[in-house]
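Pasting a structure below so you can have a look.
Note that the chains take the letters A, B and C in the order they are written out, and that residue 1 is the start of every chain.
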Amino acid sequence: MLNYGFTEEQLMIKDLARKVSEEKIKPKSKEWDEKEEFPAEAIKALAQSDLFALCIPEAYGGMGGGLIELCIATEEVSRIDGGVAASYAASFLGMFPILLFGTEEQKKKYLPQIASGKSLTAFAITEPEAGSDASAVATTAKKDGPSYVINGLKHFITNGGDADIYTIIAATAKNKGPRGLSGFIVEKGDKGFDFGKKEEKLGIRASSTRELIFQDCKIPQDRLLGAREGLGFIATMKTFDQSRPGVASQAVGIAQGALELAVAYAHQRVQFGQKISSFQGIQWMLADMSTKVEAARSLVYSVARAVDRGDKDIAAASAQAKLFASDVAMEVTTQAVQIFGGYGYMKDYPVEKHMRDAKITQIYEGTNQIQKGIIALHLVREYGK
Amino acid sequence: MSSIRVIDSKCTGCSLCVKACPFGAIEIKDRLAVIDLTKCNICGACKDACKFEAIEVVKKVGIPKKDLSSYKGVWVFAEQRDSVVSTVVFELLAKAQVLAKDLRTYVGAVLLGHNIKEQAQKLILRGADKVFLVDEPGLKNYIAENYTSAISHIINKYKPEIFLAGATSCGRSLVSRIAVSIYAGLTADCTGLDIDPVKDILIQTRPAFGGNIMARIISPNFRPQMATVRHKVMPEAQPDRSRKGEVIEEKIDSLSEDKRVKFVDFIKEVTSTVNIAEADIIVSGGRGMQAPENFKLLEELAQALGGAVGSSRAAVDAGWYPYSHQVGQTGRTVCPKMYIACGISGQIQHLVGMQSSKVIVAINKDPDAPIFKVANYGIVADVFDVVPLLIRKLKESK
Amino acid sequence: MNIVVCIKQVPDSTEVRIDPETNTLIREGVASIINPFDMYAIEEAIRLKERFGGKTTVITMGPPQADDALREALSMGIDEAVHLSDRAFAGSDTWATSLILSRAVKKIAQFDLLVCGKQASDGDTAQVGPGIAAHLNLPQATYVRRIDTVHLDTSPKIMVVERLVEEGYEILELQLPALITVVKEINEPRLPSLRGKMKARKEQIPVWTHKDLNLEEDKIGLNGSPTQVVKIFTPPAKQGGKILQGEPKDIVEELYKEIKDFL
């Protein structure tokens, strides 16, 4: 790996995240994947090591730092288990709207419990009819005196059922389109808030994905994100700007893990009387894989640094990082399985899991086709005049 | 103070000493050996390894503590539970007889407990010339503090020159305490004991780093020379009906029970039908057993062999078998007559716990598994093909 | 409840390899770690502190680089650390080592419990723990696999522990202050936290020498040690064993012939 000029603290985070992943996640990774079980122990270990406190300012019980620290930790966790990483990163997805748009009271109330890892978080915008088209949200929130009443259904929600705090997007003014969307903070246990079925997934099976059901769910008005209606769409977009490099770092980690497995296997597997790593065909595959992983990582960390510097208009760069890294992850993990040959196709070896886990990174938080749309829009704006 | 130095004019920078140093304290710089004194323990391994006499070690010898010639006799600690002497004691008695013969002295046994007088005869038949018996209610169960004060008292009174105990959970803890109380040298977990024919001192050999290196240790200026001895390494003394001996019953007035420790209970663990420290044969399973229910197969094999079941760390961590059966660095060190490793790859942490077993049989699918490097008999095959056939064969042959 | 933990830095045995030619340990480039058994001692101390309050202190005796081990203990949540480092300590056997550690514990003064790992993974003696207890005349329980109950409101304070022995376990009631040594079964050590690591990095760790502990030079190091290592050697390599091959049925027949004399 290239030297990315990480600070001593960032190296400490990397080292710690690797330790947690190697010691607390790796031994149970296969079991969680097989049983499609929520990795409560892993979440606890990550919390005990303060890894949920990244990105959150010290004033709110966090460790400070920015997106790059989160990307470093996410990459390390993903290198071992993309599913655990999904749960971990999804909690930040639920946290960002509060950090970016929440009122001082909301930040004081929720951020410390998120930072300490006491409460896991989830973000909910997706609905059966509102996937890539976020503006089609049908869930409604109606003002009722000092409360809001929420009705509707969210689905494919990562950490759904296992999170304690949910940042959800609902329509407060249907006629206003995207401008009529607002953010709300809903807590597990709120009356009228329930969970639907748990999805069975191809990959990232350690993370849980459920439906959220709102039936006349009445919550006090101080749960309105930022105490202002109409922040929902912009909060979502800004959150995704922050979170896409996170998904990209998840993709880099999944690919890196698969690459390491492939190299180790190639160097041990003997065919025709020699290690297969001595065959040029394999060497070239490995060389291509590692080059692509490094290119993806460079892009991801560059974008994360841009975000941390406070650069404006990072939407396109953020989309590029997610698009490129996730495509690399899919390609590299597929090649890794190929190097393992028949063994790679079997569940006895961990490499096929990386391939299954990689696929979601091309899909969630905006499919790669949506990312291309964002990038193209930016191009037209910048050079199309 | 003792010191060590490299004689630069003789050093050739050949690096033999670097390899010999068990503490990683030597480096070659500019073709000369350089000893890092913060790591060096002045053990002298480098001096022995050097072919050019380029390392000088000056050991300042401590002052003999007492008149050493007044110390006579080779003693063993007769560990007992529920008034039954442990088998490790018979192994100690066999060794003690050899040592006593070389030193032209007697064999003593120290027996502590309550209502255990008849055990004294057993010790005599197995080789003790004198049994020092303390029979007190307060000594019924092993409590380190009370046993320490009783034994320290009789050691100071009768002055044995050698004191041996089993390297058991009781022996190791007790003798450490006694050695400090009476300022004597103690060597843990010995696998070899000999008398230096010239100096008449005890040479103790023990493994370190889990048996990857051996150390030879002496305690020339202190008495008694104390050692704990690894169980199952030495043969047991057989009872000889014709043997006669003397029982010396000690009344210890000064024995005030230590009120700070109370023995509440002893609970025998049901899972340890045969405990692995005592077993002559151990059948051990690892990750290759695939599932907890497959340990039944190993239990069956152990039963057919009259042995106990052990386990690798991997199998314990996976929750397949209880920790009390774990063999290896973080489990128990065992030394049975035969160790059968089933589906155990043989990580170094496992090997250190079993590699001194007399015969090692390894069954593993992977021909490159490190376990085969220490195995006397290596079987490259599926455990589930071989073990059931072996059980049948053993049953048929009975 | 104030707790002192004694730890040792050892070479990481998972990294130790044997040189196949000389059959010796390859020590080059092997990382140093906290003795694995001491990790359980550290964890147990932190857990007791979390339950009962008080302060935890970790002590190690060793060369300057043992500082890393102390900082790791701090990053896990231990409050304070003391480093005993002195050329005069080199070559100490278990007698002298336990004397040095016991003096340091005495200097710390206020404590209810001393915790050690059951043994160090390099020396494997299991003698230092009970040795410290003897030097300080403390009650001891070795091989503790569980702390059942702790009564801090009684006088004296009392602790009930389970002690692992060959055939099962013993239950002992100890008056505090006391010393225990712990086995793996007692807990699962936590990993460091980021906050802990940041704090540990900045911590000033006092280094004590024999002078700070009022120890005479003839009681420590090689001079104070009753035992002397006269030779260290590599055990003869096991000759390659016999590989049995073929059909399982034939293998079993052959194996039976080979082992029947041992049965």
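Going forward, a residue touches a chain if its C-beta (ideal position, glycine included) is under 8 Å from a C-beta of that chain, and two chains touch if they have at least 3 such contacts.
Computed from a predicted structure; not experimentally measured.
The greatest number of inter-chain C-beta pairs in contact is found between B-C. Chain C has the C-alpha centroid lying closest to the overall centroid of all protein C-alpha atoms shown. Averaging C-alpha coordinates per chain places the centre of subunit A 41 Å away from that of subunit C. Centre-to-centre spacing of subunit A and subunit B amounts to 54 Å, using the average Cα coordinate of each chain.
Between the Cα centres of subunit B and subunit C there is a gap of 18 Å.
Multi-chain contact residues of subunit A (touching two or more other chains): none found. Residue numbers of subunit C whose C-beta contacts span two or more other chains: none are found. Contact residues of subunit A toward subunit C in the complex are 9, 12-13, 16, 19-20, 23-24, 45, 48-51, 53, 63. Contact residues on subunit C toward subunit A in their complex (touch as defined above): 190-195, 197-198. Every residue of subunit C that touches subunit B in the complex is listed here, in rising order: 11, 13-14, 16, 18-19, 22, 24-25, 27-28, 30, 36-37, 63-65, 85, 87-88, 90-91, 93-95, 98-99, 121-131, 133-135, 139-143, 156, 160, 163-175, 178, 184-185, 217-218, 221-235, 238, 240-245, 248-249, 251-253, 255-256, 258-260, 262-263.
If you check the complex, the residues on subunit B that touch subunit C are 1-2, 19-24, 37-45, 48, 59-60, 62-63, 81, 141, 143-145, 148, 168-170, 172-174, 176-181, 183-189, 203, 207-222, 258-269, 272, 275, 277-278, 281, 305-306, 323-324, 326, 329-331, 333, 337-338, 347-349, 352, 355, 358-362, 372-382, 385-386, 389-390, 393-394, 397.
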